[in-house]
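Provided herewith is a single structure, encoded as structure tokens, for subsequent inquiry.
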Amino acid sequence: MVILLYILFGISLVYIAATEKFSNYIRVYTLQGFLLFGMALAERESFSYVNLALILAETIIFKSVIVPWLLRRILQGTGIRNVHKRSLAGNYTVMIMILALGISLLLARMLAIHTADSTFLVIAFFTLFTGLVLISARKLIFGHLVGFLIIENSVFLFSIAIGKEFPLLVNAGILLDIFIAVLIMSIFMTRIGHRTGGFEAESLTKLTD
Amino acid sequence: MTALGLILLTSLFIAGFIVRIKSVASGRKGPGVLQPVKNVWVLLRKGSVYSEVSGIITRTAPILVLSALLVASLMVPAAGFPPLISFRGDFIMFAYLMAFSRFMMIITAFDSGSSFEGMGASREALYGMLIEPALFVLIAGLTVFTGGTSLSTIFDLTHGEGYSYVFGLIVAYIIGNITLVENSRIPVDDPKTHLELTMIHEVMVLDLSGFNLAMVQLTSMLKFAIFGSLIASAVIPWDLAPGARISLFIAVQLLFASAIGLTESFRSRYKMNRNQQYILTVSLISVLFFVIILFTKNIF
Amino acid sequence: MFYLIVILIITGFLLLAAGKKYSLILAALFLSAGVTACSWLAFSALFNLSLPVEINEFLTGAGIVCDRLSAVFILIISFTVVTGFVYSAGYLKPYTRSKPELWTKLHYAALLWLYLSMIAVVLFRNGFAFLVAWEIMTVSSFILVIYEYDKKGTVQAGINYLVQMHVGMLFLLFAFIISSEGSEGVSFDNLQFYFSRNPNWLVFLLFFIGFGLKAGFILLHTWLPEAHPAAPSHVSGIMSGVMIKLGIYGILRVSISLQDDMYVIGTSLMVLSAVTGLFGVMMAILQHDIKRLLAYHSIENIGIIGIGIGLGIFGTASGNTLISVTGYTGAILHTLNHSLFKSLLFFSAGSVTSRLHTRNIEQMGGIMKYMPYTAIAFLIGSVAIAGLPPFNGFISEYLLYFSLFSGIGELDFYPLLMFSLVMVSLVLIGGLAVFCFAKVFSIIFLGQPRTELSEPPAEAGRSMVIAKMLPVIPIVIIGIVPALVVMPLASLASGIFNPALPFDSAALAAPMRYISAGVILMVSFGTAFVVMRMINERRRTPVTGPTWGCGYPAANARQQYTATSFSQEYATLVRPVIKNGASHVSFREDEIFPGKRDFHTSSADVIRSKIILRPANFIVNLLRRYAVIQTGRLQHYVLYALLFLVLVFLLTVLELI
Amino acid sequence: MLAGYFITGIVFAGLIFIVRDRRVCLAINLAFVIVQASLAVYAFSARGNTELNYFTFDSLSVIFLMVMAILSAAVFYHSIVYVREDDDWKRKLFFFSFIMLNLSLTGVYTANNIIVSWIFIELTTLSAAGLINHNRSMSSLEATWKYVFICSVGIALAYIGILFASAASGVGKTGDMSYDGLRTAFENTDPIYLKIAFILILTGYSSKLEVFPLYTIGVDANYVAPAPVSAFLSTALVNGGFIVFFRVYETMAASAIAGWINNVLVLTGMISLLAAAIYMQKASNLKRVFAYSTVEHMGLVLIALSFGKPGIYIALIQVTVHSFVKSGLFIHAGILHRVLRSYKLSKAAGYMALNPAGALILIIGVLLITAIPPSGLFVSEFMLFREMGSDHWLLFLAVATLLTLIFYGIFNKSLHVISGEPAVSYNRQHKVMRTDYISQYILFGLAVAACLYIPEFINGLFADVSGTGPMSISILNMK
């Protein structure tokens, strides 16, 4: 059952790397929220309502509801749909993704930590690389933001893999942080969208020497 | 004291003697040997004409030119007769006094704002600068040879280990050439020429007259005597009897003067831009002498 | 040290806060207090006077060690700074109007800082304190240099100076740190210990580069000809007169402790110094900018001083005290002398340039009639710097020759050859200096003005004249009674640099007496002749007439001999060594009425352009060209993180880190 | 006390949004500055206390709380001019962000738990965003976006590193993520994981620490932000980055990978120095020059850290003094802009003629930042070079060369401003008052004081952090 979640998550990553439509980004990200919830649930050793509530908040409420809503707001607010522009052609992105998968496997194998689930490590590394590749390969800052969100997902995966339990307060702090970060980024993105009439990263390269 | 007396004495007639030799060589009778002294005497009593442009420098520098040379002459030995002033390294002061008088001569030339005099000054400055190393290398060689530390000891060639009269001759030859440059004689400069553009020393004194001119002419005469005295010291053995030395001294001075006179008679002046080469040749000979000394002293 | 900096800051603020009228007076007060205290300290060190206990405790508490070497330098510094200060009071007046008031106050504050830091440099032994003082000295002189910030190139010259001094400081720092190996703290006192256990040449070389940059040895000299023309004249005078000498002080201080490799060090120092001297004077002759010319002469004189130090080290190495002591004495005396006549020359040159508003000597001429005191001062300075009797320059050069000839009389082949070569270079340096200063003095002060003067220049102000008269006094005194200075310096040199070897001071005493006698005789001859001529002229009043023009009646000032023509033959002679040339447009055959023509001569400092500027520009341009990090693209920034991770990963895997 | 502080801060921040009047707004902020200062005093008196479980007033935090109290007072004073003509919303957002930044920095400084540090460092990014974007221009928008984005990515990386470290050391199970707990746990941890954790944390925090690889956005942020904000960002915020990094470094310094860490630090520091040296030659803007100088100093700090305990001491002095000098310089850059109306080096000229007092400060500041005595930076750099000694002569050579290039760059870029023909005439409206210089004199005075004499209680703090015992430092002690 859990393995199915893994596979689904992996496919969603490949898809997000290949797609060029903003609405697809949002959809896939929503899906990932649910998947993460499932994975986290499956991995829990102990069970408590507080924990459940937290995981629920982190995954479904945050990743599948609030963030997609924010992203949609940005698109509606700026009236920008999708323009496909990449600094790297699509097939190359996919190739790099394959490479990233291989490296993730290797890394997870090399770094098999006794305290961590190595399957999770693979998928976490893969997610991390996907996020970084998304940021490096996309020319639209909307893509950058999604890349960042994917990295945050990988952080979540890592934390599941390591299976630590932080006190509630700390967990809440982390959650709040990420939330505000996304919020602020979307505010700025909306502004940029209004100012430049698009999400072109090229229009944000003025600050050089 | 004797040394000073001898030098001053020779300075009186040596310039005239040169003129006499030249006259004879060209088949004329020529003026008396003391004619230059008489000229100076006249000048000393004459009034002066100053250029409108000139100032205090023209009025004082020629005096300093002669004063410096006079002090220099106090350090020069005359064939074994010790000079009045003699100390370790006196040849440095000797050379620098000469340089001082040259300096004063140059600024005198510039004081009148004449372009001819500047031209002469430029050459005088350059040649004076170029000839100095020759003198110093010679002195260094003599220092090594005799182990002396002052003019009155280093020219005592006969007391040097491995002495040969050849050394005296070489020294005489080098100093002779230095004299030609220092005193602006043929082949470096022709004192008798009448084209300002080609003169060195004579052109520098164009605007001097009367007393000041006398100062410069006296300097020139004194310079001959000084260098002649050095030559005499180098070639005359110092342990002869005083009387013999005095007579030999005068003989050498006369010989020196006639050599200069004959050179001037039978040799032509170099082109101005060949002079540097000539001066450097003198320095080269000086270095050669130094090397020979090193061999003689088994230092090599 | 602590107190020093506190004093520096307080004086600075007081000066800046003081009203316009009072700042100068306040500065004068501070300076005189400083000079009094420092001179007291110096004299007590020189004459073994005992200081009050409290003061002694304070000094040791502050890490101050004042030996006789320091004392001599303190006196040199104090004298020149005082004259410079007096001079500045008059010199700066025309400039202050166009500058903000604060800036002028800062200038005076910096002058005080410079003074105190220079004193500190010669007093501190601790490396840290020394370097702090050293840097404050650099910075305050930097502020002094850029006083005329609104002139083109001034700030650039200042920055150039500052950066080179910074490099020098790093060399000193490195030297200090290496030499502190195996001992507590960083200090000059460690050198003795370090040198007794390690090869000496490396640390000496590092020190030499650091100090040499300040002093201006060849290859390290390039800041000098830029900074001096940019600076106001009193600053040039102080910097050239004393500040660069602190480089010499440093080298002397280090050479005290040398124990090994001394032959090599002494020999190479002598040769390098000889080359420095020759280079300096050879470049100087071709300059038309009077201050740049004087700057090159500073390089020449540093070379002369360096020869003395080299002789000193060599002499100590060979156990020949006569060579060593006269060499060191010559070096220290020449340091003193140069501070006197160089500041004198800079002051005089400053007076002229501030009246004529040009530094180009080709546009001057005939100034002696308008500014007689300045002219006389410059003449005295010229004669002194050319090393001619009857002034002080001769004495120090005489000592160096003395040392050289002592060696020539006794040494083996190789050292003998080297001594002879150095001797010949010294002769050439002297000859060229005569050549140069005869020219400079004549062109500036004699003849007629070469350009039309809108108004006849007036003699410099009173304070400037006084400032010029002050150095003249010691110049003359040392020239006439050299024993007064030479004998104490010789005992200092033998006591500090050759404490183990005996030195017979009689060997120097006799020559000094004779030199005095010669000089006095010369003066008396001169006086006698003057009297004679006065008698003559009383009988026949002199008449004036036009200058001999070879029959050409319309001679004018433009036809006078110029500096370029004066050195033309020389320039041709040295062309293989020093790049110089002339550019002009020749006449066309069909040009019946020739138009205006320009004739331009130039001489480039090859070392500056090829060895310093070219590599520096190359590096800066290289850096600028490959400045590709800040692309402005977010993707790249993330990529750097990724690449950095990969880099560290690879290096770790390859076990490189 | 700390709880009180946080609550007061948040209340003040909220109040700012409520009040209308400009003066009341300023008064609230002033009150906050006072609170901030009193916290510093309290922290010193309550040294060693742990409050709210996650916050400890250890020596390190006390040092930087004191520094920040000074900085925020100066920055607040100079911000007043900046918000004078702004509309209500901008002004409110500015002061709100300013208070929040102070609060989160206090959290960063005092946190004794790696996760809590992380939370607060992320908060600093977010609160700084409001300050950076104060001008609302396209370039400020760009810089803010980049800053927030890259910092968030970097901090996410750092978080992964933290997770790795905790997993490998086994504290993940216990959940004890305090630095003390980590330090003990790391002693027996497999080095390879520690290495990965360290490098991830270094890379992530480099965005705050302004060293290679993520320093680029910090430079941009300093460039577009109002000058007083730049003064705060390049000092207090960078100090925050230093603290979080330093605490991690310190937990690992005793472990098996200490040698490796030192090499990585030297590598990072050298690349940072190189980058600063390169861009110092290219920068065309005064504020960017100063910003690159921050990169240089932080690079030096990393190199210093690689020298163990004395290195820590050196690094602390370097960071502290740098805070004073750099904040003074940035504050002055703002004043310069008021007079010359440009930061562009090609346009800014004639500063001495227009504002001699300011030109004097500029010169002093540039001299101090280049570690020319009596700058406290000279002390730290001197000690750093002494630590390198003759054993690391190659490093000495490389650092010295790069420092010289930077030295040249700073002077060449910033000092030409004083000369030349002013492009503008003197503007009466923006007349600079004498009071405007007080803060710079104080800050520079502190930097100079660090060279002359460091009071015993401060020195004790430094010594306590570095564990060296009092080192011979400052001129008074170095005979």
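Here the chain labels run A, B, C and D in written order, and each chain numbers its own residues starting at 1.
As a working rule, contacts are C-beta pairs under 8 Å (C-beta built on N, C-alpha and C of every residue); 3 or more make two chains touch, one makes a residue touch a chain.
Quantities reported herein were computed from a predicted structural model and do not represent experimental measurements.
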{"item": "Shortest walk length in steps over touching chains, chain B through to chain D", "value": "2"}
{"item": "Labels of chains that are neighbours to chain B and to chain C", "value": "none"}
{"item": "Which of C-D and A-C has more C-beta pairs touching across its chains", "value": "C-D"}
{"item": "Farthest-lying chain, centroid of Cα atoms versus that of chain B", "value": "A"}
{"item": "Separation of chain C from chain D, taking each centre as the mean of its C-alpha atoms, in whole Å", "value": "43"}
{"item": "Between chain A and chain C, centroid-to-centroid distance (C-alpha), Å", "value": "69"}
{"item": "Separation of mean Cα positions, chain B and chain A [Å, integer]", "value": "100"}
{"item": "Cα-centroid distance, chain A relative to chain D, in whole angstrom", "value": "31"}
{"item": "Residues of chain D engaged with two or more neighbouring chains", "value": "146, 149, 153, 157, 279, 282"}
{"item": "Sites on chain C at which at least two other chains make contact", "value": "627, 630, 634, 638"}
{"item": "Chain pairs in mutual contact under the definition given at the outset", "value": "A-C, A-D, B-C, C-D"}
{"item": "Complex contacts: residues of chain A adjacent to chain D", "value": "111, 113, 115-116, 128, 135, 141, 144-145, 148, 151-152, 154-155, 158-159, 161-167, 170, 173-174, 176-177, 180-181, 184-185, 188-189, 191-192, 195, 204, 206-207, 209"}
{"item": "Touching residues on chain C, where the partner in the complex is chain A", "value": "627, 630-635, 638-639, 642"}
{"item": "Chain C partner contacts - residues on chain B that touch it in the complex", "value": "44-57, 59-60, 63-64, 66-68, 70-71, 74-75, 85-90, 92-93, 96-97, 99-100, 102-103, 106-107, 109-119, 121-123, 125-126, 128-130, 132-133, 136-137, 139-140, 143-144, 147, 149, 196, 206-207, 210-212, 215, 273, 276, 290, 294, 299-300"}
{"item": "Chain D contact footprint on chain C (complex, rising order)", "value": "1-2, 5-6, 8-9, 16, 63, 100-103, 106, 126, 128-129, 131-132, 135-136, 138-139, 143, 149-150, 154-156, 158-159, 162-163, 166-167, 170, 173-174, 177-178, 180-181, 185-186, 619-620, 623-624, 626-627, 629-630, 634, 637-638, 640-641, 643-645, 648-649, 651-652, 657"}
{"item": "Chain A residues within the chain C interface of the complex", "value": "87, 132, 135-139, 141, 144, 201, 204-209"}
